[in-house]
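Consider the two complexes below, in which subunit A is the common component and subunit B and subunit C are the respective partners.
So, the complex of A and B:
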C-alpha cells in the first residue's frame, strides 16, 4: 500500500521564548486556551510585524485549537495583518466626524506624498496605508493612528510633515 | 459623611478626570476614591446594593438605555461572598467604543481609570462575580496602559485580589484588548470574542445574564454606566436623582463633533436640550456655516433637525421625536457638507463592520452603499429612493440577530425624510451640488452635449 509522506513541524521552536511566555500569560487568565487566541495573534504580530501562515500554525499548535478557527479570528479583525506590511502602518480614520472635517484632503495629500493607495506599501517598505473606523478622537478630527500613536487635528500639510519625520527617524539599533 | 467626599452634583464622573495625567491611587483616594466600594463591601449586602441601584433609576449608557438594576436582577443571585459559590459568574465592562462619533468612554478610561476599577468592584460584588474583564478596543493604547497601572495599584492596596479589605469578597480583574471590530461591542459578540471565537453575535435567548461567558451568568455594562456606581454608593439615591429631577436620573456625558466651533465632551445633568449642548457648549456652527441637522447619539441614530432643538436629551424625550439618545454624542451636519455623502459614509461603515450572519444585513448594507454611491455620483434614478426605503424595511428591528442592521437604517431612513430634496436634486441634476468637481464634470458634460448638439444643428442647416 502506498503511504503518503507527512512532515511534522515542531512549531514550539518557531515561537521565541518571550512570545511563548506572553501567550502563556494570556492563556492563564482565561478559562480556555483558545480564548487567548486574539492576544496571541497580537503578541506575534508585535514581534514580527504581521501574522504569516507559519505563525498561524505555530499559535494554533501552542493553544491546541484548530487552525481554521484561529484563521477565522485573525481575518475577522481589522488590526491583525495577514500580509506583510511596512515598518509604519498608517490607519487613517474614514468615519463620519473625520469625513465632515475633510479627511479626504488629508488622504489625497498622503497618497500624493507616498505614491500609494489604500492597502499598498511604499517601495522602500517604510509605510503601508490603511483606513480605520472611528478612532475615538472625533472632537479632534481628522485623526490617524500610526503604531500606538494617535495624530489629531490633521491638515494635509501636517500629515505629510508627520510622515516625513517618521521616515527620517533612525531605527533603534 | 465627610463633605469633601461628596461628589460634585454637576459632574461626578468627570470632575477629577484628567487625560494628561490621571489621578494615581493616592490622589484618587484623596478625592473620595474607593469610598463607594468600601461602603458596598463593608456596610451592605449584595442585595442591598442591588436595591440601591434599582432605586437610583440608573439606565445603561451603552446605547439602549436599559435599567441597570433590572438587568442585574436577572442574574441568578446565589451568593459568591460566602466562598462556596456553586459556580462562577462574570462581569464585563464594555469599553469597545467604536460607534463613529462616540468618544466619551475614552475620557473616563484615560482620564480616571481608578473610577472604573472601583465601579467594577461594586458591580461584581453585587452580582457575585469573582472574575471581571474590561473589554477594551485595540486602538485605545493609552487607556490600556493606564487601566493596567490602576489595576496593579488596586491589587497592591488589596482593592483587588483575595478577601478585599478584610471582607469575604475576592475579585480578579483583567484588561482584554481587542483588535478592531465594531460588532465586538454588541454584548453577545463581545462574549464570543472573549472566548476566542469569531465575534458573531449569539441568538437570544438564552440571555447573557443567565448563560453568557463560558456558559456562566454574565453582566456586560458600558463604561459610563458603571462609572456612576461609586457615586451612587457614596452619595445615595436621592442625591443621584436630584442631579436631574425632571429627567432620567443622574448625569450624562454629552459630546459634539462635526464642524461646530468647540467640539468636545460635557458632563451635564441628564436632559440638557440639544440646543444647550450644540450652542451653549459646542459654541454653535463654525463661522460661515449654518446648521442642517444632527445625529443625537452616534452613527446609528436617526437625524433630527432645527425643529427638534429644544428636545431634552434623555431616553424618552429623544425617542418621542423619532430618534434615540444612543451614546449622547452629537454628530452635526452643516450646510456645506452633503447629506447624501454623509449617509453614504455611515452606511459604508456599517457594511464594512457587518459580521455577515444575517442576510438582510450582509446583503442589504452593501446594496444600500451601492445605491447611495450611484446617487451621490449623479447616476441615481428616482426609483432608487423606493429601493432605499424598501431596504430600510428589510433591515428593520426583528429581521436580524442584532441591532447593527436597524442601527444602519436609522440615519438612512431619516435622511430620506428630512433631506428628500437633496436626494432628488442629485438625481435630477445628475451631480452633487456640494461637490465642485462633481458639478464641474456635470457642467462639462452638459456643455459638451450642448456644443455637439449645436454643431449638429449647424451641420443640418
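So, the complex of A and C:
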C-alpha cells in the first residue's frame, strides 16, 4: 500500500536545551500550548536559519499539537522559511509603488550580481532572493528587506553595493 | 417556528422567517435561490466566500441600500432586503468570476460533474463566459488513502473541508497551508486520512476536490444512477442512505437526510462499506436442490427438495443482520421453542438486560444527544461501533461554548465567533472503558478499567446518588463519602484513587448538568454492567433535584433490537441449541431434522462447536448472501439478498422501525430470505400460537403444553405488503405499526432521475428493443425514470431540485433549514415485552464476577480487543478497500508489565496467552505483536487490535518475550500477503464489474422465483 510511515521525532533528542527553554517560556505565557506555535517556529528558525520537516515534527511533539495545524501556521507566514535559505534572505518588494519606481531595474541588478533567480540561493550560501508583497515603505520605494533592515529608495547600483557590503561582513560569532 | 417568526421583506414581498437563524437560512427556508459556498446548514456561517451577498435597505424609503453577506446577517423584524438588486447580483457574479480564474474547468473528467454545487451556483449567478486569459495556479495532489481522492486544482477555498474535518469531526491530520492565492487543503504529508468521517468531505466539498475514490473507479454520472432509499446495514444507529446502482452493480452510497438521525453526515463504514454487495464471495446459486430445467431454478424444484422435510422439526438460528421479516418468519416456521438468535449464553444475559432497559425508557435520537450538556460513555467505543453517534456526541460537547457565546449575544450559527469565544471549552464527557477511544481526547476524564471495575464504579455512583441527598458537596467531601462506603469492604471491592476521583467528578458533573446522556453498549458482553446502569438510572427517579439521564444501549448490528423484540422466554442460546441436537452416533429417534441458519455465521462459535453442529444436524440449511464457513458445510444453501437487493425492515438502537427498499432486482435465483422462507413455509407449514398474545397478560400463569396450530400456507407472498398482511392476520405479536404504515395508494416514485440517459440503448447488447420496465408488485418505487416526483415521499431515492443538482438540494424539501422533511411521517417504534427475562436461565449471577476477581492471580489480566470501524462488522469487513486498512498487530500494556518483561515501546514481541481457569475455550495462543506502553493503564488490563478466542470476562495469563527476527519477518510477510491479497481482489473485482456492465440480464418482473 502506498502509505507513508508516520514520522515521530522526539523533541528531547532533536531540539537543544536552549530552544526547549525558550519555547517552554512562550508556552507558559499563552492560554494554550498550541498558541505558542508561531513563537516556537521563530525560536527554531533563529537557531537554525530555517524550519525543516524534522524541526516541525519536533515542535509539534513539544507543544502536543497536530503537525498539520503547525504546518498551517508555518506556511501562512512568509518570514518562516520551510526550505533551506542562505545567510541573508533578500525580500524585494514587488508592490505597485516599487514597480513605478524601477523595482525591475533593481531586481535585474541583483539577479545579475548574484547569478540567481527568485527562490534561489547563491552557491556560497550567502544570499537567497525572494519577492515580497508590500513592505509598507511605499513613500520610500523601491524597498527591500534583509534580516531586520529595510533598505529604501534603492537604485540598481546601491542595491549591489549593499549586497557587497553584506557579503564582506564577518558574521558575528 | 411560532414566537420566533418575524416578517421580513425580500424584494418588497413579505415573508415569515425565523429570527433564530441567519438571513441566508431564512431566505433558503422560503425556497428562494441565493448562492452560497462556505455556509453549511449544520456547520453555520463564517463569511469566507462572500457569495451570498444581498442588498439591505435601511427602511422603505432607502433606494440605495448596502451590501451585506446574508449568512452573517441576523434576521430582524421588518428588515428589507433585495436579492434581485443589480449591485448585489453583479457582486455575486463577480465573486464566481474571480473563483473561476483558478478553477480548471475540467468538468468532463470530474466525478462531481452533474451534481456539483459550484456548477449550480455558477449558473445561478448568471456567470456564463470564460474571460480570464492568464495562467492558473496549480498544485500537486496528495494520496489520502483508499477511500477519498484529492484534486486540489479544483479548490475554491471555501474552507468547508477543514471546518468539517477538524472543527466538526475533531480530525487532527488535516489542515490548511499557505496564504493568498496559494491555499492548500490536505494532510501534512501523503497518507490515509485518519478520521472515521473522512467520506463526508465528498459531500461537504462544493466541487470535486474530494471525491469518492471507490465510486470514481467505477464511475457513472448521478443522473444515470438508479437509487432507492435505504438503511445502513453496518451498525445499530440506522442512518438513512441513498444507494445508487447502474448495470447491476452498486456504485455508491450517499447520505439521505433524516432530521432525527444522521442529518447530513455518515461515517466511512456506512459510506464505503457497501462494497460487500459486489463481492466475489457472493452466493449466486443454490446448493443441494435438484434443478429440473437447466435454465432456471423453479419454485417446484424447491418444494420438491423440501417435501422430504414435511412435518419434520427444525431448529432455527436467526440473525441481527437479517431483516425483521426474515427473522420473524423463521421463528414461526421452526416454532418459538426452537428459535435462537445465534446468541451465546452470556449474550442472552445481555439481551435480557437490554430488553428490560428498552422496556423502561426509550433511548433518545442522535439529534437529542446533541442537546446534552453531560455525556457519560461507559463500556463502548462508539467511534468504532456506532460512529455516527460519536459525531453527535462531539456536537453535544460544544454546548458549553455555545452557551458562553449566547451570554455575550452571539447566536450559535456564528460558527467562527462561537469557536473563538469557546476556545478549548467543552461540555463534560466522561469515558469509562477497557480500551482507549478517540473521544478520550475531548473527555474531561477518561478512565481505563477492566470490566469488573467498570461495574464497581457504576455501582458506587449509584450508592452516592441514593445516599447523598446533597448535590452541593465539594469534590473532597464526595471522595471522603466514597471512601467511607468502602472502608469495610474487602480490598477487591474498594475503589482506588483514580476510580474515586473519577466517580466523584462524575457525581458532581451530573448534579450540575441539565441534561445527561449515558451511552453504553454490548461489546463487552457483560450483563452485570447493563443491570448496574439500569439501576443507576432508576435511582435518579428518587432525586427531585437532578434530571433523570437518558440511557442509550448500542448493540452490535443493524437489526439487533429487531431480533431482541422477537426473543421470548422460550428462545434458545447457541449452547442450548447444540444440546438439543442429538449426539453423534446416537441411535435415538431424531427429534430434529436439522437446522435452518438465516444470514448468520456464528462468529463466536469455536471450531469444535461448528463441527458439533455439522455432525449432529442431519440437514443444515443456510440462507445467506455471501460465502462463509457455515455455507461451505451446509447441505442446502439458498442465496439471499444483501440490503441493496431486497426489501425489509431494520430496527435501530432506539426501536425505530425503518424500511430499506430494493435498489435493483437481484439476478435469480437470488432472492430475499423472507421469500425463500415463504417457499419453505409452503412445505413445512408454520406454527401459530393458539394462545394469542404472549405478552398481553403477564400475571396469569401459563400452560406450558399450550396448543400450537399448524397453518398450511396456501399462496406465496408476492410482496412485503402481502407478507405483512399475512403476518398481521395470523399473529397478534406481529408489530401492527408496520402493516398500517405499509399501505399507501399513490403513484410509485421513480428510482431514476428524469435525465437518465441511454434508456433505449441500455440493453442494446442483448436486444435492440427498448426493454420493458421491470415490474414489481406493491412497490412504492418504479425501476424507471418515469414515476411520481421524489417530492411525494419522505423516503427520497435521491435528492434533486431544479437548479440544485448536488445533495444540497435537500434544503428544497425541508420544512425549514435543518427541519424535518416536508413529507416526513411520524417515526414508528417497536414495543418490547419482558418475556425474555422470565427465563431463569438468563438471570444474571453476580457471583461469577465477584469470584473471578477474588481469585485474581498476579500474572492474570483481562485482554480486550479494540473495535475497528472498518473491520469489526462482518459485512463491511468484506470490502477490499477496508481490508487494505488492516493494521499490523499492536498491544497496549502497562509500563510495569513492560518493565518486568524487559520490553520497550514499539518493540516486536511474542505474546503467549494461556488460560488457567475452568470452562476456557482457549488453551494457549501465541501472537507476534508490537508493544505500546500506556502509563495510565491498570496492570490487570491489556488491549490490542487482534482477536483471542476467549470470553471477555475471563482472565488469562500473558507471557511477553522479545520476538526473534525470524518470527517478526514471518509475521510481517503474512501480514503483507493479506494486504496484497486484498489489493488483488480489489483489482479483480473492478475488472469483473466493468465486464459485467456489458452483460446485464433483463428482468421483467422483480418478484421471487415465481415471478416470470
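As a convention for this text, the second predicted complex is superposed on the first by the 163 of 173 C-alpha atoms of A that agree within 3 Å, B and C clash if a C-alpha of one lies under 4 Å from a C-alpha of the other, contacts with A are read in each partner's own complex, and residues count from 1 in each chain.
One rule holds in what follows: a contact is a pair of C-beta atoms (placed from the backbone, for glycine too) under 8 Å apart; a residue touches a chain by one contact, two chains touch by 3 or more.
Quick caveat, the model's predicted, so the values are computed rather than measured.
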item: First, second, both or neither for A:31, with subunit B first and subunit C second; value: both
item: Touching partner for A:85 - first (subunit B), second (subunit C), both, neither; value: neither
item: Which of subunit B and subunit C A:132 touches, first, second, both or neither; value: first
item: Subunit B or subunit C, by number of subunit A residues touched; value: B
item: First (subunit B), second (subunit C), both or neither touched by A:146; value: neither
item: First (subunit B), second (subunit C), both or neither touched by A:69; value: both
item: Touching partner for A:97 - first (subunit B), second (subunit C), both, neither; value: first
item: Overlap of subunit C and subunit B interfaces on subunit A (superposed complexes); value: 31-32, 69, 72, 76-78, 133
item: Of all residues in subunit A, those that touch subunit B in their complex; value: 29-32, 34-39, 41-42, 63, 65, 69, 72-73, 76-80, 91, 94-97, 99-101, 132-141, 145, 148, 150
item: Residue numbers on subunit A that touch subunit C, as the complex places them; value: 1-4, 6-7, 31-32, 56, 66-69, 71-72, 75-78, 133
item: Subunit C to subunit A touching residues, read off their complex; value: 143, 145-146, 166, 172-180, 184, 187-192, 423-424, 884, 979, 983
item: Residues of subunit B that touch subunit A when the two form their complex; value: 97-103, 106, 137-142, 172, 174, 176-182, 193-199, 214, 255-259, 263-265, 299, 329, 331-334, 337, 341-342, 345-346, 349, 352-353
